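First subunit A sits with subunit B, and in the next complex the same chain sits with subunit C.
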Partner chain A sequence: MGHIVEPGFFASGPVHIALAVGTVIAITSAVVGVFTVTRGQSFAGHSLADIATTGGSGAFLVGVNQFWGYLAFGAGAAAFMEMIGVQRRQGRDVATGVVLGAGLGLAALFLYLGTEYSSTTGASFTILFGSIFVLTASTVPALITSALLALATVVVLARVLLLSSLSPDIAAARGVPVRAVGALFLMALAVSVALSAVIIGAVLSTALLVGPAATALRLVKGPVRAMVTAAGIGVLAVWLGILLAYDSYYWPPAGRGWPVSFFVVTLVVVGYLAADLRPQARRVALPQNADTEQACSPV
Partner chain B sequence: MTDELVRLDDVGVRLGGREVLCDVSLTIRPGEFTGLIGPNGAGKTTLLRVILGLQPVTTGSVLIQGGPRPPRDASIGYVPQKLSIEPDMPLRVKDVVALGIDGNKFGLRLPSRARREQVSDMLTAVGAQQYADARIGELSGGEQQRVMIAHALISKPRLLLLDEPLANLDISSEQGIVSVLARLAKAERIAVLLSAHDMNPLMPVMDRIVYVAAGRVAVGSTDEVVQPEVLSRLYGRHVDVIRVHGRVLVVAAEGVDEAAAVAEDATAVR
Partner chain C sequence: MFTGLMLNTWIAATAVAVIAGVTGFFAVLRGSTFAAHAIPNGAFAGAAGATLLGFNPLAGLAVFSVAGALGIAGLSRRARSDVATALTFVMMLGIGALFVSWSTEYAQEAYALLFGEVFGVAQDEVLPIVVLGGVSIAAIVVMFRPLLLSSALPEVAAARGVSARRMELAFLIVMALATSMTVPVVGALLMFSLMIGPAAAARALTARPGLAMTLSVVIALVTVWVGIVVSYQTNWPLGFFVGVAGAVFFLGGRAYAAARRRLAVRVA
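The block that comes next holds the complex of A and B.
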């Protein structure tokens, strides 16, 4: 383990694919994540990830690529959540918890049956914790297209999403179709959860969604900077994660690399803690009684 | 008449089997400062939502500038009762005000110097320029009110609706907000309709009062409306109007429990 970049890193085909796909997905997740955190929908993201786990394991059982399972179940769950209006309202968390539990129970059954029949013991691990080095080349265009679509959706909706977060009533009074915008955002969220599930696993996918966004919101104030910073943090975590995972083939136990998701999630958490522990920037200092003095002085 | 910004005729709103508003008729003209006064739960917010088009009416008609209210209408600015903003919300004060220009539009927009100046001028006009770079979630209630007023005014509305902007403010912030509004209303001929449960801070600036109680309204000058006979009819029981040290208190004479509900809008002497 003498090198930072072990020999062969830049020549490896799987590494190329992993870096390209990882970059696009990290950017999408981070940008979608900023709005997820701002709208207080982190829990919705986590719920979608749990349901996606069921989808991924179901897809594995019937022999379809897991991404389609993640996507189908995630989008279906998003539509259902929108229908019953579960994603923001409190008091429905018990029902949500029960449904999620059932989803994961089903995932356990699918994974058990799947591994019994096909005796591919790595499948459970792949679905739960990701498999960026063994991406099927045929799914790569679909992954990148979905990521760009979700990213474009959120960028187009950015201003109305921000106005709706500030006040749904103002947004509605200004003619924003608040409900439809929320539904569209939830779909983009489901897609980006499915994509993160591909690279770091269904169970961990919210880490890539919420982690970089939450870190960025601690570091910068404005909306555009938050998105750019979150994307930067996400990409950095994925790149470093891929590099360390590649390097780890040379670490003990020799010849058995450590999982990418471990590195990515660890880097994301370390970044968040570092941002959180950093002394808070003080707000712009206000002169005392600025309120009244300003109000009465002529403009 | 075409100079009516808002005209409500015999508006009634029924929500969940309850008559929230009943036979409400009123007009608002350019440059008028109208106080929408009444105790909590009287129907003030519902009335504002009717004007905004957020609350469909059960009976009667609502005309905005002589016609039905068009969607994406920027002629009415709105400052809602209270915002629940997390400190993490990535919006600086200047971002919030900029959202007032085109926050209802899709797609990207490029930053421009003209826009920045427009935002900065608006913040100066409401006396909030010194926290332009602070996050909205970090501000106090009074500071947020100023920013939301700037947000509402930057699209150059002809009518500004404010829902309880003075609730939970200290006296100096309260006076600050009222004088900013009165000044802008006069200078720009913006009509202001402001709801409050206490009429006293508004006494110096109100042109007209719309008094709401039990879903019914009385409209006119304060001298016409704030009379025991008028308010007693509105409340449906005997009410006294007490003027003391330049302040007005509305008090129900009988029954301590009932008096409490009515006296709430008097907010006693501070």
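The block that comes next holds the complex of A and C.
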């Protein structure tokens, strides 16, 4: 130990894949995250991650490709949340919570049935924490395609989405189909979160969705700048996290590496706290919806 | 079904259902469902850490769940509460991942903490659950009126000198203590489903707070009791029945409320 970059970092195949995939996920999550934070749907974002991984274990049970399980459960949960009223701010958390509760119940069943048949006990653990170093190259194209799909949806919708996030009434008055836009966004959120959750774990997926976006909305004004800043913060956190995790194979106590998720989460949270605690005279008392107000101001 | 170990299961599960029904009512009323998910789940990191250092996992659970409550309340002062909750939650789980990677034999126990071991409740686990449940419920009864006011009408409460921030912190700490004892028994996932499903259903059925809280406890009890019987017969995990029953009760409550509204319109 003692090197900043331990030998072999740039030559390692798993590191290449991890860096490539991590970058794609960090950028997608950051851009989708700016809208997620502005709309106050962090809980939905996290729940969709949890539920999508449930779909993975379900697909494993019935012998379908897990990829379809993730997408089906993610999209199904998003539709269900939409149906029972996730769009209204009032009661949205409850609707999300009920869907998440049912999803977790199914997870318990799938894992029980799964362990009964194949006796893999680490399953629940992998679902929560994932592992960016055990990616196989064959999952990369599918991931990148669906990430681009989610990204394209959000970018195309950006203007109407922003308007309907900030003031649904004005948006409706201008003829924006607020509910359809919200539903489409929830679908894009489900797809992007489902895939990142599967690959890097539900914890890291939530961290990359919420952390960089919330930090960026603290630091800069305007939605476009916020998206670019968030993407930068996310990519930086992922790269540094992967580097530290690689280095940590030489660290105590176990000598088999600290988890990537720990490093990335810590970097993201420390970044947020640093941005939050930054001394700033003009913001003495922060209003409750400060995030929204900052996103609202012109670019 | 009512002898020996199963008797412990019945007592513990009943206590847990009452705790969940009462705290869940306020969690749903206040919209703190994300915190209700984050605190029990994140607290598992504390148990992992305590096991690693050779302490009692319960101490780790209690420390981490209270730390989580403080973190959420502290960050919420300057940001939207869903962002504050998400960041506190991922930080706790990130630390948990680190602890688990350090220890060698923890993965199995982690599974138990997430999904619970309701059919393996030991004799000496029953008393702490019942006592702690009693303390949490007593705390909520004492705070009932100001908590209700600040949950339903925060502005009015503030005008009457009830600090919304202090109420939020007090409620989160009660929820943290309630969950830290119940998590090893029923699991973090089940505790969450049991807090949200019945309370959400009760809220859909009635607007009267006292009645809604009672209903929430009753639905939680029925869910758990039926769940235990079915789970005992089929051997399927209790968490599955409780999670699905919560959603079914909620949808049923919503359908009932909608039907009643339609009837009221027709009569008028």
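FYI, the second predicted complex is superposed on the first by the 225 of 299 C-alpha atoms of A that agree within 3 Å, B and C clash if a C-alpha of one lies under 4 Å from a C-alpha of the other, contacts with A are read in each partner's own complex, and residues count from 1 in each chain.
Going forward, contacts are C-beta pairs under 8 Å (C-beta built on N, C-alpha and C of every residue); 3 or more make two chains touch, one makes a residue touch a chain.
Keep in mind the model is a prediction, meaning the values are calculated, not measured.
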item: Subunit A: partner with more touched residues, subunit B or subunit C; value: C
item: Which of subunit B and subunit C A:40 touches, first, second, both or neither; value: both
item: Which of subunit B and subunit C A:266 touches, first, second, both or neither; value: second
item: Subunit A positions touched by subunit B in one structure and by subunit C in the second; value: 37, 40, 214, 286, 289-291
item: Subunit C-touching residues of subunit A, taken from the complex the two chains share; value: 37, 40-43, 45-47, 84, 91-94, 96-109, 111-112, 121-122, 124-125, 128-129, 203-204, 206-207, 209-211, 214, 253-254, 256-259, 261-262, 264-266, 268-269, 272, 276, 286, 288-291
item: Residues on subunit B engaged by subunit A in the complex (per definition of touch); value: 49, 52-54, 71-74, 76, 78, 80, 83, 85-86, 88-92, 95-96, 99, 102-109, 124-125, 127-128, 130-136, 138, 142-143, 146, 151-152, 172-173, 175-177, 179-180, 183
item: Residues of subunit C that touch subunit A when the two form their complex; value: 28, 31-34, 36-37, 75, 78-80, 82-83, 85-87, 89-91, 93-95, 97-98, 100-102, 104, 107-108, 110-111, 114-115, 189-190, 192-193, 196-197, 200, 203, 236-237, 239-244, 246-247, 250-251, 254
item: Residues of subunit A that touch subunit B when the two form their complex; value: 34, 37-38, 40, 155-160, 162-163, 165-167, 169-176, 214, 217-218, 220-223, 225-226, 283-284, 286-287, 289-292, 294-297, 299
